[in-house]
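What follows is a single structure, written as structure tokens, with notes after it.
Here the chain labels run A, B, C and D in written order, and each chain numbers its own residues starting at 1.
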Amino acid sequence: MSRRTRAAAVALLFTGACSIQHYQSTFSDAAVEVRQFNILFVIFLVICAIMYLAVIAFLVAGLVRRRRRLANVMEDGRHHESDPLLRTALIGWGVVVGTGLVGLAIASFIADRSMANAAASEKLSITLTANQWWWDVRYNSADSSKTLRTANELHLPVGVPVRIILNSNDVIHSFWVPSLAGKQDLIPGRQNDISITPTKIGIYRGQCAEYCGAQHAHMALVVNVDSYADFLKWWRHQLQPAPPPATPLALAGYNFVTGRNCSACHAIAGTPASGTVGPDLTHLASRRTIAAGTMPMGKGNLYGWVADPQSLKPGSKMPTIALEPDELHAVVAYLETLK
Amino acid sequence: MSSRFRASLLILGVAATALAACNREERHSRAKPIGETVPTGQSPDTIFPGSTTAQPLDARASLYDNNAPALSEGQFLYTRMNCVGCHSHGGGGMGVALMDDEWRYGGRLDQIAASIAEGRPNGMPAWRAKLTDDQIWKLAAYVRSLSGQPSKDVVNSRADAMSATSPATLTPREPVRSSDSAQQ
Amino acid sequence: MNEPPEVREEDERLAKEREKLARDGPQLKGAKLEARLERTWHRPPGILGWLATVDHKEIGRRYIVTALLFLAAGGFLALLMRLQLARPDSNLISAQRYNELFTMHGSTMMFLFAVPVMEGVAVYIIPLMLGTRSTAFPRLNAFSYYMYLFGGLLLWGAFALNIAPDIGWFAYTPLSGPQFSPGKRADIWAQMITFTEISALAAAVVLVCTILKTRAPGMTLARMPLFAWAMLVVAVMIIFSMPAVALASSMLISDRLVGTQFYNSWEHGDALLWQHLFWFFGHPEVYIIFLPATGFVSVIVETFCRRPVFAYPVVVLALVSTGILAFGLWVHHMFATGLPRVGYSFYTAASMTVAIPTALQIFCWLATMWDGRPRLQVPMLYVIGFIITFVIGGLTGVIIASVPLDLQLHDTYFIVAHFHYVLIGGAVFPLLGILTYWYPKITGRMMSDTLGKIGFWTIFLGFQLTFFPMHLSGLLGMPRRVYTYPAGLGLELPNLLSTIGAFVVASSVVLFVINGLVSLYRGAIAPANPWGATSLEWATSSPPPVYNFAHVPVVESRTPLWDIAGELPVVTGLRVDEKEILLTTVVAATPDLREPVPAASLWPFITSIAVAIFFIASIFSPWAVVFGAIPSAIAIIAWFWPKEMKREPEPVIT
Amino acid sequence: MIPAPRFTDSVADLPTHKFGPSSLTWWGIIGFMVIEGAAFGLAFAAYFFLMGHEQGWPPEGRQAPDVLAGTLFTILILLSEIPNTMIKKAAEKRDVPAIRMLMPLLVAIGAVLLVIRGFEFNSLNCRWTDDAYSSIIWALLLLHTTHILTDWVDTIVLWLLMRTNLGWDGRRLVDTDENCLYWRYVWLLWLPIYLMIYWVPRL
């Protein structure tokens, strides 16, 4: 259905809109929620299109119709008359519009209910805490040794309903992964949640959807929908502490990161670095992006980011640290080992 | 800076507002050039309580002492670096009170910055290794604001947190004792 | 009664005098009367007289021109934003500056253009349409203009001084609160709100009283022009909605300046309180902008289809019900905040219901075209453009009224597309049409028809090119208020198209301005009633004399000028040696009182200065509230102190 | 081009002032009453919204305001309606001497009310910075105080006017009448505020 839905949606509104990559698009069928959105969207689109065409038809007819010699206009002194047919037409139009809207309201209500019900059965629970301008991710588990902290990246097993608990540390943000589900705000002092049941393995991009200050545009997160096996593999790997530095260069980096500025804000499991101000770095190098989707992960970007974050993401809380060249090499070398 | 601002305000209001606007609201997100450091004029061993030093005020102080974004970033660091742990919200506890008028190691912005960077006897750790100079200056600016030093229109009335102190916009400016004359 | 003898004598003397007072009428008419009225009504000359004027036409003109200037300024900011967004990962404009740009754009368009321009047009035309010589409370009218002007200058002055607000036109807490918006930017925004909202409230009171009390004899509510009905509804909506934003922004500024805790969730406050209050104002605001435009459409359709709008009672009911329903919708701006879902369904239903009256109105206009004989002159073209464009916006409105759909589309470019279709298609197109239509009445010259037609087609097509692709950007996952977007999401093309379209729109606006300026000197001289229209503003010369009408016209039908046989019935007997207007009863519009009109005065201007200093100073020190209030109070007392030291010669009738 | 006039009847004998809905200023005042009413209504809504998600009201650790000053204020402002009505009646009967006699009384009452109001702020048992509860009750009290103050000043100005011969001018009598109307509004507004500040926290 939803593939046709998408096709229909596109055909109806924007021909050829689908010819590009969709990892941050509502034209998707990667989750139960977005599929329901697409079905409902097309229903609305069709009915609205019909109403629109009716209006335009009436407009055109009114402009081009050939008129009786005596029209109900001031020049013919009949401007207080009016065509009796129009009165019935008015009532008819009112009824049509009314029923159409009632129908849409009901459709919307049903979709809303069914989404709420889908939300009921939750298997995996994640706590997402928004900060200016990054996402703090915590996988909850009854067994505290199994709860794991990461940042700016979600891994979800396909087909498993997941409940994401949404908090904020500072201002209002909004969690939005268009290809999977609608948005939900993260509000300081309140707790919201959103349920997603991904149905398609793939990589999707989400982005903060509520204006949250200077770097609102650079507050993205990546969602990996994996097979259950791959998810468990990832999970177990993430639970590991960071590997000890192998090379002397990496060791130098390790000493700087754990002994100097970095550790004031960042935590790396298995090392003295335990700051909670910034994202957890334990498996930094295994992530796809740096600085909440500001740039793809890679040696070059790591160099750039560590050397001068403030010109790459002005206003971000990550300060520009005056690193000597050898320190910079060492730090990047160590961060790269955090696979 | 702030005194110059006031003077010029008397002379030429508009120009002054412009000046104020530029300096008080500008976010210096781009950090200072490499190599610049916090003043190290007084290292812990040469400092003893009540000492006054007649050095001129560090020029960089003017970048921070009446700059609203700098103060709020200082506030962010003050809570997130857990200064609250010892100094509470300025009232003091394990550490000295920061909102009163007494400054053992000088209440001037560069002196506070030095205290944060170098640490002080009886438990104040040195932050030079953990924070950048820019951060230290901002933190110092915030600490200085706890006793109402900066002009009222650059400070935050309150944080979005449990209210511990009366609004900074209403705290009276404490005189600065056992500091030096360069205080404005 | 029990007055002392000297008072009684005085009264008798005045009563005798009254017999001699000059009145208009058969014995005093034509050029002689006009000369007398001219002398009585003209304002003092010179710059002071210019500041002191209470003539609704002058004030209305200033309102319109100022608002159009702010439109141009806000539009320029939009162009800058489109330039930044033309390419992905563009570094043309910094994040901070971009955030200031969209905040300024939104605030300017909503508070400094859309609402004031509608008020301005109404302040100019309503008294003419109702056949009276002045608005009610002309001094309050002047005051409201100055407050508006100062509010605008405050915001743009701040922009020039690089302390522009950067919190969005909606200023959500806690981002706009003390901790996350250090400095004065947010305070300046909040005080700009205070200025504009006082101005809007004052104008609203003026309009309500004018419409209810100063209509020409015989203009019962059932004969009132639809534009007057629209403005009556709008004024009442302003009166009920503006206090919400006033309250919210006062709470915000007191949080920021004196440390109250309204929005601090750690001290029993709530960030959502702001959103409830703001949208309780913010949603009616949209209709406050849209309903006057429906009034414009009714006026244009009536004139250019040569017949009154079909089903007048239905249109009036539609206006009123829209005005009421508009207050039940605010939560549909908050679907993503996690309020109880069941409550949401109610707001979905309400949001859809409000589409019905609008649909009926649209039908009535189309039926009028069907039944009449449409003339496709420029104002009519704008009405056609309005219907084609606005209906799309209305229907996307129905789409986002649904909770599941809104959760996806909320805060995306789909919304940006939606409300520009509603506000530009629904309000700006009719505005341009009505300005073309009333231009001859205001200036005495016609606008160029060819330039007008070219202008219409460029703005119509440019608009579609700019905003239609935004539906797509939204569905492709582009959130609002981002200063840049990454490549590879398929956003490049739609954004580039939007940018190109934006410049087309800009060029056509420039064309409209050129047309307006050139026609001012070169345009054909306009007769009193160039379009053969029916409402009373066309029963006087173009431009109208300072006293509007030599005699107060009498209305005998819904289409007065179409139903008179050559001669316009009038009542006589108003004084010509003093400024005086005729008050009529609220429903039946039977003559009731002769109301003296206050003379031109500098006090409204001085008061507005005092209040402006008061507000701006209070940004910097709470004490200004105390010290600033005193001069303001003095100015207001001086304003209301009765000037006439001689007493009115009439007896009291209770 | 401008249609020639056809003279129907004359309005020369109409008066220039009437009391009540015929008067233009009456409508203006009603307009501003509605505006302020809307503002107060929303403030009340905010009060109950904040109260809505609290376990205790006032929040635990705070004690409700002391009722003495507020109750005195309420009694006095209710009594003030007596001279107020007398003035209103006098204005409609064009009994200027009575107005001249009664207005100082109303002004005096206003002054006393303002003094008591000062004590009310002292008896709130909180500072506006303490929490949202404190902020909202301070806000309500402050909002109402501004209304007392403005109408008090207005009354003084009118009083001075009435003492001149201008007092006999019908339009000034209409003003007096409408000032009384507004004063009624001010004390009517106070009653819900009194309950919200002093009694709702004691429920």
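One rule holds for everything that comes next: a residue touches a chain if its C-beta (ideal position, glycine included) is under 8 Å from a C-beta of that chain, and two chains touch if they have at least 3 such contacts.
From a predicted model like this one, the values you see are computed outputs, not experimental measurements.
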| item | value |
| --- | --- |
| Selected interface, C-D versus B-C, where C-beta contact pairs are more numerous | C-D |
| Distance from the mean Cα position of chain D to that of chain A, given in whole angstrom | 52 |
| Centroid distance [mean C-alpha coordinates] between chain C and chain B, Å | 48 |
| Euclidean distance of C-alpha centroids - chain C vs chain D, Å | 30 |
| Where chain A and chain C are represented by their mean Cα positions, the distance between them in whole Å | 38 |
| Residues within chain D bordering two or more other chains | 129-131 |
| Shared interface positions of chain B, touching two or more other chains | 27, 158, 160, 163, 166-167 |
| Multi-partner residues of chain C (each touching 2 or more other chains) | 96, 174, 180, 258-259, 261, 264-267, 270 |
| Inter-chain touch pairs (all) | A-B, A-C, B-C, B-D, C-D |
| In the complex with chain B, residue positions of chain D that touch it | 127, 129-131 |
| Complex interface listing, chain D residues touching chain C | 1-19, 21-24, 27-28, 31-32, 34-36, 38-39, 42-43, 46, 49-50, 53-54, 59, 92-97, 128-136, 138-139, 153, 157, 161, 165-166, 168-173 |
| Residues of chain C defined as touching chain B within the complex | 96, 158, 161-163, 174, 177-180, 182-185, 255-259, 261, 264-267, 619-622 |
| Touching residues on chain C, where the partner in the complex is chain D | 1-3, 7, 10-11, 23, 25-26, 29, 136-137, 140, 201, 204-205, 208-209, 212-213, 239-240, 242-244, 246-247, 251, 254, 258-262, 264, 267-270, 273, 276-277, 280, 527-529, 539-541, 550-552, 554, 561, 564, 566-574, 582-583, 585-586, 591-596, 633, 637, 640-642, 645, 647-648, 650-654 |
| Complex contact set, residues of chain B against chain D | 158, 163, 166-167 |
